[in-house]
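In what follows, a structure is listed as structure tokens, so that the remarks can point back to it.
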């Protein structure tokens, strides 16, 4: 039988506010345990939550970016359960009325057409603390620094049909939240976490199969591997005559398998009800307009514009718009230099990205600034140096030797464009290689390249290649 | 000195008749002498009080003449106070010293008051008789075999016996007004949102409201002025100016329209109490007020609605007491579940557990709509009844409590009959309206209170109506003989 | 509406109350009486009535995104049942 996979994702995005969602404690990562847990975060008796304006704005920003309906009135609810890292015995979340309603996100998994993935909702909630399992005389330690950190939980429709699509969706979402600057998206630090609901059904069947929820997938690679493992597991179960159990499963990256959390998690009854400490959240139309006006150009629109304005291929435009920093870098280069945007794109995607990867650093830490790269491209455009020499100059800039002009000057890399000088070198080369010249004249056209090479060698690459070509052609006529 | 009202003590301080230190000494001595007999205090803080009184005298010497400067008072043990234990009447918090100050106690402190101690109360404010306290029942100064009412029973008893001229209370379903009625003091529950709930240990968040308890309406006006106001730390606190309650006390009540709900005076009301209330109402009529019958058709449902809404909220509010970060923790728990279950079983008393279980049940899957949602719908109907009534009248009057103080132990085995003690007060909390109880008479040596209910933010009018009555009567001046 | 002992056990577990087995039946009886009282609500037609969660119909006020709290760990942990290295200790959490 052919099976169809059905996947829905729940992504928890940590919002890049300064303070917590309901208190004035810092959310900075990596502080000493419990030093950023204030009275409200600790759930001390009598304390009360007050909602962070920025968290609301960020949620709305996201909603607008995925063309979602923004609820004019949403409600915070309490999700009740006992856990030592949940200080109040309930999590403040949104249940019946989330701030962000239905929207969508277009994905383009490699080699396929654009697919529109439905977003069911996105709601604001607070994060819980952490249990540390290092051994404290057989006990666990509770750190509540993370408790109260603002999260946006983004729930997709079960529209994804493969692990690849799931990853494409996640990457797109990851790009988007960083674009609109609502999250740093740092997966290692848990700023972007994903749970996957996975089920399978016989191809052509309308009803969904029973799903398993895979918890806490913290890298794109693990998402793909975990989903693929889970699909195979469910197929094995069904083809072996069994039934899939609705349950929560944990992905073990060491063993590359998912395993049931059954027994550790009982049937929950969260007893949601509206939080009486918080009033309904109203979003006024004016606020909505203000946030809409503050939205940056979104990745899809930017990509389209790059294709149209700069004449880039869809692929290059996609690569350059994958992050806002990259796109901004590229546009600065284009703005500051007279080079063809396509050449600028090649340099950013090729040389620059290569150097960053090699050094293992992010664009923000690049040792060649957009302005420096623009200066370099200008020297190629005005024939001061050749593309080949430019790579040497790039490396020099990377190593801190200054601007393109400084490097060219200091190293004497200025291109030779004086026709007389080039002719003289060509004459020397022809005179020094009579054998090759004879063979060429006898019809061995391939030797043309040999002569060019010799000229370039003699000029240490500084001769203008097109002039060399032209004069050589004349001479060999 | 003890028989003076807060307002009189305030003038005495201003005129230099006595100092804040002398006042504090006087009331601390009375407290020392009487409080064990009444069991109305959980903590007494004489050193702190004397230091604060000395500060107040110094400030006065420097020219400070604010009305509450140097006035001694007591706080219900539900308000977090830095440096003095805040138990909320529970074993769960027997060891809890809050590292922060509640907004109410902070504002009163900033106004210059001198805290003498923290008053006993029903555990987590759940009770109508002050018998659910971990620290034992409070006794009514009018008859020490009787309850003082609850949950602010310690505050009511302390003020009735004049161990302090004033105390704070909280009112979730009648917890200021009912003990005020049973102890012959004046107690005001303000509009929901008028006084900040920050640092006040939550029972039922959408109903809880703090208010003053003292001998007179004038005293309550002075206290409310200091307690009320917007607090950015409480999302449900309302950003509205605090009126000058003092200046409107003397307004004439001629033409005041008083609504009398049929349901308050129908079957079930003890005829002797009805008589006392009728007498009080005739005072108003003679003063020129107009009595009008009003209908609150859903009134009879307020107790059932309350016993869904309040337990539902408390079941969640009390989940934080898990033995992890503060409060009672069971000895050597064998695992997490054991830690939670035993700490909570040992830390909470029976009434708290009953309400937590009722609330948990009402919110649980399959019952939410039939209980919680239904209750919140009827809550709106009740609130709508009041809205319509207040289109016709300025205030609503009736009894505060269906009975006078009952015997300790009389209702402890029957939670439902205990719940009915709040039959006249609960609807006010469900709607979020202000209400006041004032001394209006005596039956067999036990006080009877008159309840006045006002429209939203109409505390000024309530205090005015109460003050005018107190100018005409002297029930509020009565102090039980044993404490004179 | 009455609650069985089993239902009381279930609710007590949800609320993490370790009620003694000997007390279960008394709780069942008392809670059933409370539910009987509450049952009066069912007689009212509430079709179309908006549930009322707050006494006032106003909306949530928002706080500026500012860090206003400083580290007070030592004070907060003064009365804590068990702490070590700044952490609250609990019996082993099994995940």
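Per-chain numbering from 1; labels A, B and C assigned in written order.
Definition applied: contacts are C-beta pairs under 8 Å (C-beta built on N, C-alpha and C of every residue); 3 or more make two chains touch, one makes a residue touch a chain.
Bear in mind the structure is a predicted one, so any value in this text is a computation, not a measurement.
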Taking the mean of each chain's Cα atoms, which chain ends up nearest the overall Cα mean? C
Remotest chain, chain A as reference, centres from CA atoms: B
Distance between the centres, which are taken as Cα means, of chain B and chain A, whole angstrom: 57
CA centroids of chain A and chain C: separation to the nearest Å works out as 41
Just curious, how far off is chain C from chain B if you go by their C-alpha centres, in Å? 23
In chain A, residues with contacts to at least two other chains: 39, 42, 44, 50-51, 82, 84, 142, 144, 269, 271, 276, 278-279
Residues of chain C engaged with two or more neighbouring chains: 14, 16, 53-54, 58, 60-61, 63, 72, 76, 82, 88, 90-93
Could you check chain B for residues that touch two or more other chains and list them? 96, 99, 206, 232, 235-236, 315, 319, 322, 324-326, 336, 340, 360, 364
Which positions of chain C touch chain A when the two form their complex? 14, 16, 53-54, 58-69, 71-73, 76-77, 82, 84-95
For the chain B and chain A complex, residues of the former touching the latter: 79-80, 86, 88, 93, 96, 98-100, 102, 197-202, 204-206, 232-236, 312-313, 315-316, 318-320, 322, 324-326, 336, 340, 360, 363-365, 368, 372
Which positions of chain A touch chain C when the two form their complex? 17-19, 23-26, 32-39, 42, 44, 50-56, 73, 75-76, 82, 84-85, 131-133, 136, 138-144, 250, 261, 264, 269, 271, 274, 276, 278-282
Residues of chain A that touch chain B when the two form their complex: 39, 42-51, 78, 80, 82, 84, 87-90, 142, 144, 269, 271-273, 276-279
Considering only the defined contacts, which chain B positions touch chain C in the complex? 95-97, 99, 191-193, 206, 232, 235-236, 238-239, 298, 300-301, 303-305, 307-308, 315, 319, 322-327, 329, 333-342, 344-345, 348, 353-354, 356-358, 360-362, 364, 370-371, 373-381, 383, 415-416, 419, 430-433, 456
